[in-house]
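Heads up, there are several structures right after this.
Each of the two complexes below includes chain A, the first together with chain B, the second together with chain C.
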Partner chain A sequence: MHKLQTEVLVIGGGATGTGVVWDAALRGFKTILVERRDLTHGTTGRFHGLLHSGGRYAVKDPHGAEECIRENQILRKTHAHCIEDTSGFFVVTPEDEGDDYPEKFVAGCNAVGIPCSEIPVAEALRREPLLNPRISRVFEVPDGSADGFLAAHATVNAARVAGAQIMTYHEVDELIVEERSGERHVVGARVHNVVTGEHIVIYADIIVNAAGAWSGKLAAMAGAEVVILPSKGTMVAMNHRLVNTVINRCKMPSDGDILVPSHTVCIIGTTSVTVPNPEPLRIEPWEVQKMLDEGEKIVPGFSKARVLRAWAGVRPLFQETYTGGGRDVTRKLALLDHSQREGIKGFLTITGGKWTTFRLMAEATVDTICEHLGTQRPCTTATTPVPGAEQGNYWVGHRLHDVEEQRLQGDLICECELVTRTMLENAVQRNPALTLDDLRRDVRLGKGPCQGGFCTYRAVGILNEMESAGNWNHDMLDESADTMQWNAAHLQSPAHNLTRDVTAGNGKGHSAESPTVFNPNLLLRDFLQERWKGVTPVLWGRQLKQERLDELIYLSLMNIDHLPDDELASPVTDFYNFDTTPGPFEPEPKKVG
Partner chain B sequence: MHTESWQSVGPSLDECIKCNICTSYCPVASVTDLFPGPKYAGPQSQRFRENGQPHSPDHSVDYCSGCRVCNEVCPTGVKIAEINARARAHMAAEEGIPLRNRLLGRNELLGKVGSIAPPLANFGLHNQLSRVLADKVFGIAQDSKLPRWPKGGTFGKWVKKTQDQRLKSDKKVVYYHGCGTMYYEPFIGQATVAVLEHNGYEVIVPPQNCCGLPLLSNGEFDEAEKYHDNNVNKLVGYARDGFDIIGTTPSCTLTLKEEAPELLDKHDADSTDLKMAVWDIFEWIRERWEEGDFRTDFRPINMILPYHAPCQYRAHRVGKPALEILQLIPELDVRESCARCCGSAGTYGYKKEKHLIAMAVGKELFDFVAVQGPGVTMTASDTETCRWQIELGTGLPSRHPIEIVAAAYGLYNLESRQLTN
Partner chain C sequence: MLDLVVIGAGLSGLMAAYTAAQSGLTVRVINKGLGSMHWGAGTVDVLGYAPDAPEKPVQHPFTALANLVVQYPDHPYGLLSSDEIRAGLASFVALTEEIGLPYRGSAESDQNLFLPSPAGAARPVYLAPEAQSAGDLSRSEPMLIVGFKGMRDFFPDLIVQNLAKQGHQARSAFLPLSLVTDRIDANTVHLAEALDDLERRTRLGHELKKLVKIGERIGLPAILGMNDHSVVIADLERLSGVPVFEIPTLPPSVPGIRLYKALRSRLLELGVRIEAGMEVVSAEMTARHNGTPGSIQSVISATSARPYKHRAHNYLLATGGILGGGFNSDHTGHVWETIFDLPLTVPQDRSMWFASGFLSPTGHPIFHGGVVVNDVFQPVDGGKLIFSNLWVAGNILANADPILERSLEGSAIVTGIAAGKAIANL
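Let's turn to the complex of A and B:
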């Protein structure tokens, strides 16, 4: 059995875990991160991409708001290329009138230092022509739109450069707890590579539980209790941007009151439903309907625009001895030192918070790690931009601009999202990828209107070709030196992927070890199933037309329901399978608290 | 720049299901790599173009000729050509408009200036040196076919001169002749008046100006809006009084009917009343014929006539009424081209960097004409720039179908392009 020794072991490859591994590596700790699937597979890959100004929490949760604005200003520097500077409006729609919330909002913003200015409604309508003309007041705050996928890669890339080791597709089976002079110590974790089945023991001086909504389950392995309120939030993406500014309703935070422009789409969210388990998450028809109804109040006509897909994420809300509903739980970060709580040494849980505050959460965590390990090393993440930040903020047209400037029109694999062949190949070679869904997170493959209709079979063909040539890097453990040097910032840029980087492939291939996972038929089926999962809740109108065409391509033309390797499954196949039986339209359940 | 609204063309990108039928039909994309195709330039790129960006992300959309074949074949109703026209206007607003495109956008002004002294203007424009200079300095393709100013003066002048001879009747129509007929081809207007009067209609020729299409095609939306507003002011009264307003250039009538209101977001009552009253002449004639109110006392015309229904005509979505009417003429062997586009697409073919593309697009049509046999002496098409392009590509004269109909009535000489009386 493979054994590894490290100082810090971080469990969970979402925003929080990637932040911790970055911070710890910068402070010179030997650090390993394990994630049971791809980076951002959990909540980080399913949020609506809002870089909070803090305005949303200004009235109800001043502490959370203060953290947001501080981190907002820091991330704009450290992760500039992962952020689009959209700005944000808080609008008073006719439904929001009649109380003094706007005054409280302004006072709240002022109290915690969120720049907030009221702008004339006419000015707001000039900038956002589709906005409800019946809004009575508009406040502008420094909200932004963030690419959580790219940010995780950029953060991890910075950590790698500082010496950290990142192990995706490694799942924790067990935490190793030892009794030392009457005290319980968590000294390591037994993990296995979900692709090859290989078992690895990682010994660490301290273990950080950054498993988000799954952190209760992980803590239980150490005998610790972490009560997470998994709060499901359903989001709906529209086919194109209806607004270019983040639009919030100026009222107490509630369902469906934020509309975020995110790359080529805009996302409305969310619901907030406490669920017993973080997965599987079922999207109820009332949730989709509610998002459209609420969207209508921000942009009249919203519900008639084309809906792209719907998905749900799960917030890892944490509050001690709390029994109420999800909206009332603080968004403040929660760092649980289990040595103080239960006397379990060497084990920390970091949870709560927001994507916007992931760096701060990491800072607090690694500060505590320093205390535990008896060393003083100052945090430098706030002043150390990750590689790529020098490119500045991205803008929605950047890919089209690259494709046009470099004349890459003939090289497009995913036409909707402008993914070129070399972008795909380099992502596969430089970034461990197991499924097409990983490539979706890396380069936005299949995220556009046709939802994989045309790019899926093309991408599978390319991967099959690369696999045959031994150019597919699916080794999740050994990272070659040039992978470390590689700039994740270029993952999504057609102009930075003009030539295929032949040096990056490890040339080993993988087919001998695990033939089933790299079966092209399986790749094809899993990705189509994954895309289908998000389309089924919104299967009407134009998206239904689209799916009819996709169905003709894959079912009629390619006969994909009868592939030769139909019984094969990858470690993530189960995740994509879901109950497609449409349920009856249940009304929204009454909320408690 | 005009802002987005639900009524504007942008949201129609939601209809696109990426089938690429438009790409496979696009006459431009099939002859050059410089244009990546309608789906790419239209609904696909539109998701990457938003207000408040640092700059327009793309420029290949400039190679869209605006022929609207994409709209014609789109199974889901994306307003592709209009999305492209708007993108060009955004670019024009940002980067400025070259003098050449400003000139091409103002054919009405050029027509007016040249009409002051036609022989001088013709000499000035059509000598070899001028064409070389126009090519080198302005980028107006040297080999493209520019119109000539007629010796006899403008159509307006003829109407005024012959006003006592014009038929007075209870049955009246309003004629929107457009700039081509006004300044370069007054004989088209004369043939039209002759045909309408032969059918007992009094023809009202009201003051009017350019429809604004050349400006729209070249991205000068603000200027085009002024033209459109002027036309609405001058013509809406006739529309309200119940007159049909008929035009002989399908691209002009399409602009009044659809393009100007859509591209300029003109959905007010006046624009709408006007567009509801506008007809292409053969669309209108076909209605009369179906009602039994159109004379078919045609003399036989014994010839083979290759006919091309312009792409801008097909964009009216009224079928091919000119073809139906021409087929009523005894012994006339009308052969429909079925070509996608002549290539000219308004002012596109006049641009130096696009002229060869335009000729390559037109090849489908020119080859069609060539295989109809050596006996072919002329072709027919409804739009002037198409006719000029077909003449350039085939070496044969080209006529408007209304000229053919006038000739079949015995009112018009197809060779000399003059009324016979």
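Let's turn to the complex of A and C:
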């Protein structure tokens, strides 16, 4: 069994965990991050994509609003390339009229320093022609659209450059608790590699539980109590960018009242329903209906537009059970110091918060780590841009521009999202990738209208050739190797990937002893099922026709349901196989509390 | 006034138009997009997997068909006798001879061929274009699968590895794509057109000769010529000295497009115009009333300029269901036939549309539903004729999932011919 020793061990590869590993590494701590699947497997890969200005919380939660606007301004610099500067409107639709919310909203924004100006309805309609013409007032705030996949990669890349070690597909099974002079100390974690099955023990001076909705489970491994009420939120992606600005309803926050433009689509969300477990998450027909109904109020005709996909994430709502009181419990983000709460040393839990505030959460966490380790090291993340930020803000036309300027049409393997062959090849060589789903997160493969119809086969063909030639970098499976760059930022641009990167990748000709997860037939089945999982809750009209065409290709033409190796499974096969087909329509359950 | 307007230019619509025109009827075909021929393998599947045994392929389709119609009497094949089905397929084969694009079956006629798919699976196929038939996996010569470096839609290693796992002898080799084309954005159609050029295909032939070993056969992506296809194959076989065959690629399907073009020219000779890129959006019709069926007066197409009325004595709907765009659906679970609003057997409830996995062996119920017809292919509602002058053929028919059972082209051909005959025999 392998043993590793570190100062800080971070559990969870979502926004929070990646933020902590970045901050800790910048402050010079020897740090390891473990994540049981790919980065952003949890809520961070399933969120709404809004870089909050704070406007949403201006009335209800001024403290949270203030955190948002501060972090908003910081992330625009540190993570510039992960953010599209869309701006945001708060609109008063006919349904929202009749109270003084707009006045409270403006006062709330002013109080915490959120730039907010009322603009004429005519101007708003000129900028967003599909917006409901019956809106009566519009306020503009600095909302943005955020790419959580790219940001997590960029953040761990920054951490890696500062010396941190990132281990995906490594799951914590147990925390090691020792009695030392009558005190309980968490001294390490037993981890296993979910691909190879190899067991590793990681000893650490301090362990940070950033497992999101799973953090209650992790805390229990240390004998601590963290009560999380997982609250599911469903989002629906439309096939087009119906708007280019984030549109919020100007009213008390509730379901389906935000429409966020994101890359080539726009996303409406969300619902909120308490669920027993963070996964799997079923999407109920009433949730889809509610998103379409609410969408209609923002953009008339919304429910007749082509719908692409639906997914759900879970908010890890922290419920305080500890009655001792303490300075570490802020209202929205919860930093729990278990040495104070339960006398368990060397163990912190950081949960709650928002994507927008992940950097701040990390800062608070590492400040506490410094206290515990008896050292003073200032936080520098707020002023240290991550690799890729030099590219400036994201803009939606960048790939098309590259493809046309460099004449790369013949190189496109995903025509919907404009992914070239070399982008994919470089992704596989420089970044850890086990499944096509991982590559989807890296380069947006299969995210467009055909939902993998064409690119699945092409990507599998290409990966299979790379695997046969020993060019599929498997170093991710070996925790001591460090050729993984975690550099998705430089995979986004077709023009930056004109040639295959031959320095990366190991070319060891490893195909003989390669684990079976690198089997092309498994890759095909897994990814087609993964795409199916997200379309079935919203499959009708043109998208249904598209799905039938995908059947024609993969059944009639390819006959992939009769390929060899149908017994193989990957660590995520079960996750994809979960039944997401719509059930009978049941009305929305009454909210409790 | 025309005798027949056919809506849809897939295999069923074209075969119906051909059958009717050959009997002397005046026919027009109206078509919105591209028929599924443009997307598929260009082969004719009659029955590849029986619904009750989806794991193992059908070896003898006519034996399996006989069982199928006993088990599922409502299946579209059940509308025809096995002799009618054989005769329909035979007349398709004869037609392909006539148009210079001959289709071949197995030597033993009641036998499926097994041909390599672009993923290297064995596809159960009843008839294949001559160019694909040397890929027959029951033949013993080892295969050399040749691809082109940089081509996006064909992956020899994948094919070879999967064929090897199934016990077939195969190896792969690559040639530069520049041998075929200098275009940087070439799709399969461009590549096929490039090989119509004598110089290019000669160069390719010489390169193949260098790669191949005695006793092998060569599999190439299905881009071996568009208009001069049979000459291209003959040249490559002569220059390489071994049998050469095509393996289908990702769409656009060159074999499918060749067939479409050849059928279209034959129809033109028979005086049948195909109005491509024209969508029928509505119809003038009277509804069924007091025991008398309704009737269609015209169908109205939308072009960029203005609506246009097409009048005929009879109408044939071959719009191919969900795949062809003949059915539409919405988030309320409503599924409807877009032109005449014909009743459908599709469940009008989204919770009943899908089985849980993409590759569910039972298929998805929504793709199993369609229009119910009587024994002369006229749509009925509770056994009663809906319109006196409307016929229906192809994948719009109820009670089969032709993609799941691999009967897509076979059932389109035989039901198209049968409906065409029924109209001609009026």
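Throughout what follows, the second predicted complex is superposed on the first by the 558 of 593 C-alpha atoms of A that agree within 3 Å, B and C clash if a C-alpha of one lies under 4 Å from a C-alpha of the other, contacts with A are read in each partner's own complex, and residues count from 1 in each chain.
What we mean here is this: contacts are C-beta pairs under 8 Å (C-beta built on N, C-alpha and C of every residue); 3 or more make two chains touch, one makes a residue touch a chain.
For clarity, every value in this text was computed on a predicted model and none was experimentally measured.
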Who touches more of chain A, chain B or chain C? C
Please work out whether A:Gln73 is in contact with chain B alone, chain C alone, both, or neither, and reply first, second, both or neither. neither
Determine, under the contact definition given at the top, whether A:Arg399 touches first (chain B), second (chain C), both, or neither. first
Tell me which partner A:Phe454 touches in the superposition: chain B (first), chain C (second), both or neither. both
A:Gly410 in the overlay: touching chain B, chain C, both, or neither? Say first, second, both or neither. both
Contact-wise, after the overlay, does A:Asn239 reach chain B, chain C, both or neither (first, second, both, neither)? first
In the superposed arrangement, does A:Leu549 touch chain B (first), chain C (second), both or neither? both
So which positions on chain A get touched by both chain B and chain C? 409-410, 454, 545, 549
Could you pull out which chain A residues touch chain B in their complex? 126-127, 129-130, 239-241, 244, 261, 264-265, 301, 305-306, 395-401, 403-404, 409-410, 415-416, 418, 448-450, 453-454, 542, 545-546, 549
Residue positions on chain C within touch of chain A in the complex are 36, 39-41, 45, 49, 54-55, 57, 117-123, 150, 152-155, 157-158, 161-162, 165-166, 183-186, 248, 250-251, 253, 322-323, 325, 328-331, 333, 349-351, 353-359, 361, 366-367, 403-404, 406, 408
So, in the complex, the side of chain B touching chain A is made of residues 3-6, 11, 13-19, 33, 36, 39-40, 44-60, 76
Across the complex, what residues on chain A touch chain C? 285, 288-289, 292, 303-304, 307, 407-413, 421, 454, 457-458, 460-462, 464-465, 468, 520-521, 524-525, 528-529, 531-532, 536, 538-541, 544-545, 548-549, 551-553, 555-565, 577, 579-585
